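Below are structures written as structure tokens.
Two complexes come next, and they have one chain in common, chain A, joined by chain B in the first and chain C in the second.
Let's turn to the complex of A and B:
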């Protein structure tokens, strides 16, 4: 389960299903490229889709099987369809992990989108001293591998927790802030170019109509940037939902009495490790299915806007 | 309603060594329709945007009525602007677009609706009030942009080339609509265009700018009849005035076979220059029979027939050099390409300029 898993499954499916040529120019270009290339690239995409969808189906099917069936053949059909495994997974903590993840993502996504959009907007629209420096600072953040920051980050959050307890390790707010910081560079980078591509006259019209800067932003520019905001929102949902390393480092129980605030990915991993020899594979698979569903739902429901946002920002 | 005053208003863009608008002095009367015209990059849009508050004023001042608005933000200036690409809010309906300024100003819903509907009626937009701009034609969008401006009943209308995105036919009809709407509402209007037909037909007065400098402000007729300098002479009028550099002779200048007399006092302004520039509009040539002494021989290169009349684009020899010349001819007596015609300037309709640009003739 990785970020691009779900993103890529959508694309070949979309290509194949899209019979109506909405952009004749583009269709034309593909046609000019020759049938050989077309067959090759579509074949490649189909293979790729298979490689990604295969394991997904295997996991979903696995959550309906029992241990023996999983052990025997990957291609076998479950003998009977029961949701027992889902119930067991939920009881074993998946439900709690799910809620934890929702809490953290609700906070971090709100913050990321709000701060990211505002920062990108100001950087893209207002000339001031240090504008470029701040922008490059954000962009540089995207180039910095998070692995390098793990240890300092751990101590930073730990020390912060000594001063302000609700910002420390194994705290929702602490992780929310880290997720936000982690997602801001890409968000700002993406939205910066998006806001740049919007016509400046509309902003000027709003100023003449009597808008304050904040009203012009929230009532005029944000609605205009909707497709871009949705795209980057989805990216952030995918990225943060599947985040494993950061919660593993920052969301450890600090003592026996400390509540378990594990995120989904981390919780699933714990489940797999703790079970040892008495492994409950159907339960684990059911947990994975539960973890995977929201992302799929979010992506599929916003698929069109994601593509609209991507093309309008990049093809201009 | 109010007058508008530019008082030595100057705009220098950061990093530029020359001002884009250089000490603009301009007085626009209450209810007047002033057209700012000039080639691209002349500073006309910048001047308008300075009045709108979208550009800083680096020196000088701008006043609306008695209020000094030089450093006020756009929203405190009580102006409305129509943009070249209309700048409609794409996510709002036509009614919301038109009422947005009033909504911000806190006008109550019933009043807002009435005002928007009134404006929509004037502009023939009533049936489109619930549509989004996306679902409108270019002309309709233009009218929505106008509507957004008139709903507010501002002190000043600013229009930045509002017709340049329309097709030719619509442009002509909208031109008259805007002019008559402005007369009816009586709101002071500053209108920027590069199209001199718009400049000549719409404005009470026309201000010509070039390289950030105001060249001349006058009523369209007066500007056409008496351009203040070479630039205005060449810019106003279509096709452009023929401007030919000719040598000075005793008592005037020699143009072909004819001598154009110039007042001695005027000539003195040229100093000891040996040549001056004579300007003659295409319609101020008379075709004379060949063989006469006065006529200038013009070889016809291209003929444009516009229906009502025709324009001959030809070449003539002036002081041994080939010069291009445009002559308006009667629509029923159009010469053939390659033919040679003989023309003389109509005596009173010539303009003489010093080579430095200054007008010499009265």
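Let's turn to the complex of A and C:
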């Protein structure tokens, strides 16, 4: 009998812990059995948490050290706390990289959500010839690695720029369109199943009341699909924020007079290489700290939505 | 109402489809075409050379090495990440003391989830620079510093980490696992919590033990989630470009020392941008495409099980 009761510790925690154990004697034994496991699991979890937080704190500390302190020992403590390194990092354009990234993301996320939702809605809710073909077309694109398209894409954007300058290489609009196009497959795939799962009664009622198709979409279906839209939005924010290969290929300065439109990831890498040559490690660490802080703040304020949104986006 | 349907469908679909075809599908198709030419990328001239690029590719020892490294990543990365994430998810959900409310998750499980997940939102550039610091080959590197403090590493001969030919690729894997576990932990944790409690109660009434419930109930019901995770991690393993190209030694997109951490993506970029062999680079792109496709299909087929609704 006692083995049976011990086995209850194998139940994963549920959101509502509403079932009360019936006999207090058993309850005591649960606590003993859970105690060992509890110490064990806390140990491992704390160790991993330390592995995550440790390096991050080390970087922040590093931005207050000087070059010799960084080079001599990992355990050195900053001898005097100054914000010089932050000033130097900022001068190297971290702020500009941020602004560049925000401009591109504002455009590409708006476009991705708008176009993705429109396409997914029509494909999910209307029957017409070629519906399946277009849907599978989009789904297939979600599986291919971006390298496959990289070489022709580079020349396409380059040639486009010769005809229409603001669509070319090192142009915000060009990159916005590329980001959007490469985010569409997953967005359409995800929102398609979401729109399918919504009840059709509300939509039908709106149509009977004389609502137009597009008005039904924007005023009835979009508000109903809000939770799905938020999930896929967060997924896209992270995906595009972390892009490295596309800006590396498409956002190179074309000439000396061309303004630097580097995205943050790309700019930081350049900064890292420059710091390697000029050996300004505190400046580099300070740049990293500056780049991490806004992400940390946004993440901590929205962590519940981020986690829920990302997991539901992946599980679809 | 009915007569306005087609203009509406067309109006909603035309922009996304045109954009998608122009910037995604068309370049993909062009890659196949270019892979059959000796195009340099710099000039518009090119000659059709059939499958020469492919035969050259499979005699190229650097490419074959890169392919092996990608396959190693493909096996180790999903396995390690999923096992760790499952382990932590299990710890988070059943590791707590059992009080009056039955078995609880550990205290502070929300805190752990927030911390573990954080690397996921860091830009890959930050990861790269951060771990270049961690893996520094002198006393100033975090790992060498910590290990020599506890006496594992001799301060006179610190470990070479990324610069070590046999170890560089594993260092990259460490970063990928470090940053990936949190996401899959949250994923598995969410899936575990959606398993109805009645199933466990029924099993326990029949005399099942803790290990049995994990292997016979939790794991099968998580199977679909694990499958999804596997596919995502496989795609990540075929990528890894940003980290390898910036962290490993070697001029032009890393891959060193002496191609010991070379992966297909870095080789592709070097051939395309640095060596001006666009046709050859396209052939590599096609190979990567086929590997990814075959792997996704195979892994979905092999691991397919009957779907359990609950």
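We take it that the second predicted complex is superposed on the first by the 199 of 316 C-alpha atoms of A that agree within 3 Å, B and C clash if a C-alpha of one lies under 4 Å from a C-alpha of the other, contacts with A are read in each partner's own complex, and residues count from 1 in each chain.
Keep in mind that, in the parts below, a contact is a pair of C-beta atoms (placed from the backbone, for glycine too) under 8 Å apart; a residue touches a chain by one contact, two chains touch by 3 or more.
Note that the structure is a prediction, hence the values are computed from the model and not measured.
Touch criterion met: A:238 reaches chain C, while chain B stays clear of it.
Residue contacts after overlaying the shared chain place A:136 against neither chain B nor chain C.
By the document's definition of touching, neither partner reaches A:166: not chain B, not chain C.
Of the two partner chains placed by the overlay, only chain B lies in contact with A:215; chain C stays clear of it.
Within the superposed three-chain model, A:207 lies in touch with chain B and with chain C [touch as defined at top]. In the superposed model, A:62 lies in contact with chain C only, and not with chain B.
Using the contact criterion defined above for the overlaid structures, shared-chain residue A:126 touches chain C, although it does not reach chain B.
Counted by residues of chain A touched, the larger count belongs to C, out of chain B and chain C. The contact surfaces that chain B and chain C form on chain A in the two complexes overlap at residues 207, 212. Of all the residues in chain A, the ones that touch chain B in their complex are 199, 201-202, 204-212, 215, 220, 223-224, 226.
Looking at the complex, you find that chain B touches chain A at residues 52-54, 73-75, 79-81, 83-85, 87-91, 100-101, 104-105, 148, 152. In the complex of the two chains, the chain C residues touching chain A come out as 1, 4-6, 8-9, 11-13, 15-17, 19-20, 22-28, 30-31, 34, 41, 87-88, 90-106, 111-126, 128-134, 136, 138-142, 144-146, 149, 178, 181-183, 186-187, 190-193, 195, 197, 200-201, 204, 207-214, 218, 225, 228, 232, 235, 238-239, 241-242, 246, 264-265, 268-269, 272-273, 278, 281-282, 284-286, 288-289, 292-293, 296.
Residue ranges on chain A touching chain C, taken from their complex, read 3-4, 6-15, 17-21, 27, 30-31, 33-35, 37-38, 40-42, 44-45, 48-49, 51-56, 58-59, 62, 70-75, 115-116, 118-119, 121-123, 126, 128, 134, 137-138, 141, 143-145, 147-153, 155-156, 177-178, 180-182, 184-185, 188, 207, 212-214, 217, 238, 241-242, 244-245, 249, 264-269, 272, 281, 284-285, 288, 291-292, 295-296, 299-300, 303, 306-308, 310-311, 314-315.
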